[in-house]
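The same chain A turns up in both complexes below, where it pairs with chain B and then with chain C.
Now for the complex of A and B:
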């Protein structure tokens, strides 16, 4: 399987960019289809391409019906059929195991029969392209974008290869003019793209892979590593997850930028967030926006919810009429977000319900917090307060991601219990952290990498770092570029014996 | 145009930086494998008359600079530690690309060894130039590994590039990695000493079948060498072999002779070579540097007398051999005084056995194996430490 940090990918990518700009502009998007087909075949089982092909065919058929019958009932029926078919494929591939395991659990309780566990090989990026397609169908129905009846164009929209690894989830209206248009070689755009690719590789191979070693060591045997070890692993897992996922995004967005296609951002320095709600506006942005636009708002605007609001207003008053339907909608939204991450209760509870609880409690408790802040005379416009807020968010997210990372809900609960079972702060000072699979020198490289990441992220809050660098003198710029590549080549964890190449979100 | 110049300049800076980085991080193993290949590729075309190929038993026994100084034989030793037998055929092909030797001396000790150490594979392939033959060399050795190890097949593409392995050496980089490598054609100095007894030198009475895979490799090799103009001599360098090795090597010799190959077994020639059991071995299966000089001179004479290799001393373009010899002599001069001091110690304790524990440190044991003494010498041979 080809990873986007492999030499094989780099060669494919560079060759593809060369071909892309050498052929006539009107043929460029055909070339992208060819590159995408090749990438798909070498990155996952080619036979799973049938699922992707099915989704493309269904989407094209639905688009054709909608184009012909924009306002009629046929459009609505086609839309529903299209959504059900696409989500049905996703459910079959990703959730049938979850569904059957729960049925079997119920069967064991009630003495019913046991069903064999289904097992399907999923195509690369199935969750990402399915959500993009469902969003596109809804946009067509709502008139936000024009239905596309060209099968190949739909194939490129669903299967554009940079998107297949880990998203982002894209919207047709933002991409259609770029995907199929002719692009001329733009020096600045290509160099910016390449810079971003190298930055992503740095995050993945220098930081994420190292953090992953410590996390894997601790989480593989939490009983042997209780107390502060678990907190260290939890804190580092966030670093691992962020640098893995955002590093992957940097490579994908950078690669796409080289073709002249600008993809939406998925991250905006999430660890500078001051609340969990803000965190989710900065983390996996395209998933959050998709959920808001295609799930949350339609639910809140639905007749059932409007009626509920009206009856609540009469019985409980205005505030409750506003809050209860909103929180109910949020509950559905967070369950779906949890489910999107995988068919397991640990995702529903850890990635879904935990964050739902954090956000709702945060909102409900806000008046109380305000009183405390006033009573304690806390100046909320200071760096220290912002730091406290960000640290609080980081900690809350770490707890949620404990469920994400550990194998089961039960293991996550056990880890939480073990994390407070032993008071062992000396491990921070007596060299114990150097015994977690990384040598002391590698631990230093990890923390130096995190420091670099923090500095770049802080600069990013103000303006684009790439533009900032572009304004500097040539010698300084080249030192930075050569230095970045040098750091990757020397300190990156790759080569025989390392399996740092796959990305955590690639499984989705 | 400015942009293109800028890209070229940037790539030049990047290549220069990376080139130097690779150079520093590239592993310099104890066996000087990198130097063996670097200096082989630097040889003038068609300059060598003889090539030695084999594992450490060839690499540590034959110094081309010494042979040239001794009788003017121009040769090269393309051997690395643990070199699998399956490497010999592609390495001869590599030699044939740029050289046209009259004689190949093939040390066949690895015919007793069916297993392949993957680190030893890298000593060869990571240092070979990029070519189709490099891939053939990788495949040849890994085929042997896959056929004999019983382990899962090795991922071959990992061997096509080397930096994936060596970049991890950043943790071990020290001042020596920034220095120039010694220019002795990959020959190294090993001046540790172990004293052997005549009983260690047993005749080859045993006979054990060698691995059929290796016999197949031998047949492939002979099929190829039969097509060459060069003479092929299969050599077994002098050493003290254990019973299993004696049996397997006995079989190997018989198989070679049955295939009409010339076999030169040097154990019976130890007297002619002048090898001392007291000071010329560093371990049972390897001579030390002093022993290797004697073996080299013997083989150089053998090559000249048997195959008429010319005395090229005074010829043009052969400075590499002269420089290698002179560089080596300068380095070894520092250490001969240590050897002299050690020999003196050996004379005083005639019945004892010695084992070196470092470059200039020795443990002295009595005939029952009890530790009697630790001895350490400075560079001038002066004893600087005596315990007990």
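Now for the complex of A and C:
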């Protein structure tokens, strides 16, 4: 298993960049296929590559049919077959366990037979590449992108290795002109990419790894750590998750940038959001856009939903005719988002239903909130109000993520109960936080790291930090670079004690 | 022709966003109109389709950049 935060990866990556720019431009994309095959084989069980290969073959076959008859029944049949085959593989690998466990639970109630639990090794990135492929097939059908009949080109689209760790989920129309094109060496682009990689490693090894130690300690025994401990863990888990996932994205997007291939952004400082809805437009952006374009829009535009809207308009009026189908569509969307995170009820109820409820209630209550704001004469364009709104979003997201992090729905509920069972605010001041697996020095490094992150994020809200740095003098720039690398080397948590190898989103 | 489309389209916007003060032009985008998010976008397009008796394909649904592009498309279709 090769981690993208390991020295091994960084060295191999630099070698790959060297090779990439030394060979003729028309061969570059073949080299990317070779790098990807190598990365896949050292990062997951090579035999699981057969699933990826099957997806690529099916996708190429479907593309070929669609290219031959753009309109008509053939294209639609091929599209449906292609989507079912790809989602079928994903379902088999990720959801057969969930399906069988529910079947067995029903069996126990009714006295039926028990089925042995299936277990499949999944290829790296299966949830991510499957979604990219399904989106691509739909785009071909809708005429948004051209069907690609070249097997190797499809292999690179599905298996481009930077995408396999944790996405982003990509669109064919955005990548097709970049992936297979010749790229000339561009010093600025490569240095931008490298900066981004080191910033990602900093987030992951300096902040996320430390926050993770405290979170793990508290959540491993919530009865021993009740009250404010759970609040601290819940608040820190968001830091851990964000620096883990967005740090991973920085490394991936930066690495891809070094090859001259610009990937879509997955985060836009989500913690500055003013509402849960906005948060989900700024967190895991490519998943949200995928859901909008390939699930929400087709559902809302379906004949059934439009007819529903029309008949509701007659009986309940205009507003309800718009709201009810939309909320029903959102319900389906959030069930799918929950399921995408994993086959378990905690994801469907804790992630999916919780955020669905937050967003819908937020919208339904908006007129009431507006009245209160007016009655209390609150100026909503102030920093303090924005801070209040963002803190509210943070707290609501923390609650949803209790389900994401803890092992089961029941454990998450237990943690919620324990979090208010004890009043122990003094743990913040009496050194108790230094007893959670991190030394007092490490706790200070963690909070300093979070402060750096906050400052950089606040700057990012205004302008690209990289462009800001690029405007500075050479000497100052190099002090920054060397400083960042030094910070990673000195304060990075790596080695056997800390499992830097795994990214939280890698399991999806 | 274009003016007539604009007249009818303005009515649709007023109806969908519940705001009679909305004025639209070629360069108007979702960012200019309060409440025009990805979900009301679908309500808006459905209302436009009903008004002009046309059907947008998914490429148009996802790809319309501004009101001008929408009017171009309506012009082509009616």
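Here, the second predicted complex is superposed on the first by the 507 of 508 C-alpha atoms of A that agree within 3 Å, B and C clash if a C-alpha of one lies under 4 Å from a C-alpha of the other, contacts with A are read in each partner's own complex, and residues count from 1 in each chain.
The criterion applied here is as follows: contacts are C-beta pairs under 8 Å (C-beta built on N, C-alpha and C of every residue); 3 or more make two chains touch, one makes a residue touch a chain.
Predicted model, so just to flag it, every value in this text is computed and none were measured.
S.K.: Using the touch definition from the top, say if A:144 reaches chain B (first), chain C (second), both or neither.
M.R.: So A:144 only meets chain C here.
S.K.: So, A:293: does it touch chain B (first), chain C (second), both, or neither?
M.R.: second
S.K.: Just checking: does A:481 make contact with chain B only, chain C only, both, or neither of them? Give me first, second, both or neither.
M.R.: Touch status of A:481: first partner only.
S.K.: I'd like to know which partner A:451 touches here: chain B for first, chain C for second, both or neither.
M.R.: neither
S.K.: For A:47, is the partner it touches chain B (first), chain C (second), both, or none of the two (neither)?
M.R.: After superposition on chain A, A:47 lies in contact with neither partner.
S.K.: Is A:442 in contact with chain B, with chain C, with both, or with neither (first, second, both, neither)?
M.R.: The first partner, chain B, only.
S.K.: Touching chain A in the complex: which residues of chain C?
M.R.: So the residues of chain C touching chain A come out as 15, 38-40, 42-43, 46, 57-59, 61-63.
S.K.: For a test of understanding, state which residues of chain A touch chain B in their complex under the given definition.
M.R.: Per the touch definition, chain A meets chain B at residues 7, 187, 439, 441-442, 478, 481-482, 485-486, 489-492, 494-496.
S.K.: Within their complex, state which residues of chain A touch chain C.
M.R.: Residues in contact with chain C: 138, 142-144, 292-293, 296-298, 300-301, 306, 309, 318, 322, 326, 330.
S.K.: Mind listing the chain B positions that touch chain A in their complex?
M.R.: 3, 10, 13-14, 17-18, 21, 25, 155, 158, 161, 163-165, 167-168, 170-171
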